[in-house]
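See below for the structure under consideration.
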Amino acid sequence: MALDHTASGVYVIAPTPFHDDGRVDEASTDRMTDFFMEAGATGITVLGVMGEAPKLDQAEALSIATRMIKRASIPIVVGVSAPGFAAMRALARGSMDAGAAGVMIAPPNTLRTDDQIVTYYRQAVEAIGADVPFVLQDYPLLFQVQMTPGVIKRIVTDNPSCVMLKAEDWPGLEKISTLRAWQAEGSLRPISILCGNGGLFIDFEVERGADGAMTGYAFPDMLVEVVGKLQAGQRDSAHDLFDAHLPLIRYEQQFGLGLAVRKYVMKRRGIIASDAQRKPGGMLSAKAVAEVEYLLGRLAQHDPRAKV
Amino acid sequence: MALDHTASGVYVIAPTPFHDDGRVDEASTDRMTDFFMEAGATGITVLGVMGEAPKLDQAEALSIATRMIKRASIPIVVGVSAPGFAAMRALARGSMDAGAAGVMIAPPNTLRTDDQIVTYYRQAVEAIGADVPFVLQDYPLLFQVQMTPGVIKRIVTDNPSCVMLKAEDWPGLEKISTLRAWQAEGSLRPISILCGNGGLFIDFEVERGADGAMTGYAFPDMLVEVVGKLQAGQRDSAHDLFDAHLPLIRYEQQFGLGLAVRKYVMKRRGIIASDAQRKPGGMLSAKAVAEVEYLLGRLAQHDPRAKV
Amino acid sequence: MALDHTASGVYVIAPTPFHDDGRVDEASTDRMTDFFMEAGATGITVLGVMGEAPKLDQAEALSIATRMIKRASIPIVVGVSAPGFAAMRALARGSMDAGAAGVMIAPPNTLRTDDQIVTYYRQAVEAIGADVPFVLQDYPLLFQVQMTPGVIKRIVTDNPSCVMLKAEDWPGLEKISTLRAWQAEGSLRPISILCGNGGLFIDFEVERGADGAMTGYAFPDMLVEVVGKLQAGQRDSAHDLFDAHLPLIRYEQQFGLGLAVRKYVMKRRGIIASDAQRKPGGMLSAKAVAEVEYLLGRLAQHDPRAKV
Amino acid sequence: MALDHTASGVYVIAPTPFHDDGRVDEASTDRMTDFFMEAGATGITVLGVMGEAPKLDQAEALSIATRMIKRASIPIVVGVSAPGFAAMRALARGSMDAGAAGVMIAPPNTLRTDDQIVTYYRQAVEAIGADVPFVLQDYPLLFQVQMTPGVIKRIVTDNPSCVMLKAEDWPGLEKISTLRAWQAEGSLRPISILCGNGGLFIDFEVERGADGAMTGYAFPDMLVEVVGKLQAGQRDSAHDLFDAHLPLIRYEQQFGLGLAVRKYVMKRRGIIASDAQRKPGGMLSAKAVAEVEYLLGRLAQHDPRAKV
């Protein structure tokens, strides 16, 4: 089940469930995996930024990835971003051996020029092996690395194993249009484009040519529906559902706090047992909890899934 | 009409209207000024980031500020951020002489440590004069300068002429709560807090203790209503109105493109004659225009002001 | 006397002399101008970073540039970097009208991608006029903008008015070699390359193909000699002189303090009356002054000019 | 042999020797360890930035540290900087179990405010254990994290296990003076201060109060002598030796190329067998090699150790 450019739908970015004392919560991991499949996800991405990957040691990381791969019947993508290529290779090969569909690679925040970015991905592919399908993560607001469409084109062209773009530039709509226009004219080979940023622009991204979402909003079942409606041409209906969730989506889009909101809501939905994060991690104040509850209450008037 | 800590309501961040050829459009400037007053704004801020201030030369900047000061019957705050204190002083003194209520100062993006930030504001006050009321602009996402609540407290305490915080950290809700808690316990003197970020969190910011908004969404009349409802305790009604606008507010929150959206909508509302920006400036593609029109159409179902 | 690609030798980066109270010191400005010519400088650059340009208002800046242009019989380059194109244009046109040989433009520190840098310089040329010869300043350590040789090539090719590179990347030797190799093979038109960084690598930069230096070490007369010796093939002799100055050159290369050292030494040499800087500015502690004096004493054993 | 605040002299930053094919070169590692001891080093630091630590996987890193610990009769400090606390803890505990004297922790380049820096070190100590002596690395030019003297004081005061500062701010002389003044007045407890930056300011740093150097210039034997002379009050003699090396020290201070120069010279001195680096790594061009050889030739006139 190797990842390729035909991937579409919703790949859910999985958080890593912890017990309150910081140990990995395996039962919650299993329950969450099942939930994502029931929600209609077409794939799952583990060990991304929102998976608290850097807070795990090498053995823990591989263990979590392996557990989800074994349990899921949908493709699992494993985030293998690392400060050096030796560690990246170790996790990538280990994950693929365990049955991962592919890996995801974010750029280190020290890259600046176009050439530096292109060189980095060439060396990364050398390190992990050209046989490992990989997702290119374009997330300038967090990583401080700005990839123009031209740079993405160079990476895709240089590396046949690049099969997907996780598009979370902000703003990013024109970038999707540009890449799809290049494909239409034949100057860029097909890749899958799945969008991030918590889904904040998913209502337009699919119309611009994205194949769906790869993100981690606490209602991935809603994302599945919205993407489905958009792909079916049900524009107004898609926006109606999306707009009902937008106040909460927006609230989740708070850097450093977003994961706390997401884990809190997933706990309230019964998906995970605890919303604990390993250090360093954001925590919801009592006021923030009340705000989330208020938003859930308002959402429940439109979407019964929010009745928690 | 000097700015002081009692300021509340909505201070609209004014764009600078240009003709298509790049000249300042004085007729649109007047019409826009009138519109803001009719919309219920309690103040106007000119020459901020969204006012394309760095693209004006010194004479143009002072001329625009003076024109709005003369026309408006509400307080005008003038952005005087500059690469050096000599230029800052010239614009600040000129604006105050023309009748401005106060000035706004953003930190240069080279400041890093707490002490550097505090020192900068002390020297800025020396430059413009301790008699000029000023607004402290806290906008880390754009300026790359991170002020903790403690740093804001030091600036407010060191400089009696600091009367207002333009709060646009993201996330920023806890910062407002912290500052207000310090005031409640008496360790921080009163200041006005008006919020930015295009209003994206105004539905909760007022409840956290903000006095209103200082931002530039294309429907400032909506911001006035929402702030009013929240101040009157009409929480659900405020959220209903806010949520109807959120899809468009969110669409305006695209760095580098937001001003193009805002000017486009203001032009469609008949407030300004042209949505031209001076270089460098973002431009809306045909697809983006269609998306804005679609959002306006949906909004018009809830708010007749969007029928344009 | 328009600047062109044949410029060579030493263009001295001029500090702006102030009185102790912060007013511009015109007598020192004149004396300094004369000194630079007597020292054998082939040109002078005013209003650069080390000229405290951002601390001057628009009228002061033009006044200083004009004064030096009138007094000097060698070409004057005027730094016109500004936060926006309107101010840049005003200073550039004013300086050229006053008789400047050309202008120098540094990139704003918000530029990241190759395309952003190239676009910026295209728009800058549109703003100041294609008839104004300009120097491209490449100083990543200070400006946080990284230009690859390829980006420099694009700027030079796009803009015929780009006649010189102020090369102060660090490390920068390979960049000079690459650009000169491109010129040798005919893929890049000739430009002058003058080097900065306080002269810290001038002993090798000329051999790599640079035409000389554009920098502001307190002994420009030494730089003139070293460049001359290198151009005459007197390698060992050039290094002997350079090495004697290196401890002080190194001491001047302290970000935020370097100008204080430079002004102090220039005052001790009788070139300027005061080493005052406008705020914000570094100041030498008593210990630092003693260290500089010790270095001057050691230098005087090799170079009598250091007997002050 | 636990590291404490009395550490002084020269702790050499060890590169990691590789074979040309990228495998760790154990024979060279042993020879290098012996050489550092013969050179008079009082300690060795492994797995620092110049040790290419991020390019090693977890097992390799611990293996290299352990090998040097077993072979050396002087204290070994192990760099344990990592993207997360789990990996940091694993390497720190493993190293201490193997007999390390202490560990070194650099701040992640995402830290900005004073509080963020202080919190990071508190959490790091929680992770590795308060019983592990650690070195605080202050290297703003590389890490983009600026620690004021006040922040260093807070970290030292909060964490009794902080026993040493690796001081490589630039400029950094005043910082050393400030910290020592605080100790003299009793407001800061004693810590060891060893200086980095390739030794570029070691001639003054010891006089400002530093206990020596922790850096990796290719002639650590020279650093040992210079520090010894300065500690013995032989100022002129120390500067004579230092100045002879300064042209090469300066040449090594080229970001991204410095390690290539250092490894090349160490290979020429017969200390390591190959100057290979793992990717990504800088490489010396033929011109750069010729420049290094020229500098070695000139240096050999003053210091016979450079006759290679």
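Which chain is which? They are A, B, C and D, in the order written, and residues in each are numbered from 1.
Basically, a residue touches a chain if its C-beta (ideal position, glycine included) is under 8 Å from a C-beta of that chain, and two chains touch if they have at least 3 such contacts.
Protein names from UniProt, one per chain: A, B, C, D = 4-hydroxy-tetrahydrodipicolinate synthase.
Quick caveat, the model's predicted, so the values are computed rather than measured.
Asks: Rounded to the nearest 5 degrees, how far is chain B rotated relative to chain D when their C-alpha atoms are superposed?
Replies: 180
Asks: Pick the pair with more C-beta contacts: A-C or A-D?
Replies: Of the two interfaces, A-C and A-D, more C-beta pairs touch across A-D.
Asks: Could you check which of B-C, C-D or B-D has the same interface as A-B, with more than half of the contact pairs identical by residue number?
Replies: Repeat of the A-B interface: C-D.
Asks: Approximately how many whole Å separate the CA-defined centres of chain A and chain C?
Replies: For chain A versus chain C, the centre distance works out to 48 Å.
Asks: Could you grab the centroid distance between chain A and chain D? Build each centroid from C-alpha atoms only and quote it in angstrom.
Replies: Result: the chain centres lie 39 Å from each other.
Asks: Counting only residues that touch at least 2 other chains, which ones in chain C make the list?
Replies: None at all.
Asks: Using the touch rule from the top, collect the residues of chain A that touch chain C in their complex.
Replies: 112-116, 146-148, 150-151
Asks: Note which residues of chain D are touching chain A in the complex, please.
Replies: 53-58, 60, 82-87, 89-90, 109-110, 119-120, 123, 126-127, 278-280
Asks: State the interface residues of chain A toward chain B in the complex, per the touch definition above.
Replies: Spelled out, the residues of chain A in touch with chain B are 170-171, 173-174, 177, 200-201, 203-204, 208, 239, 243, 246-247, 250, 254-257, 285, 287-288, 291, 298.
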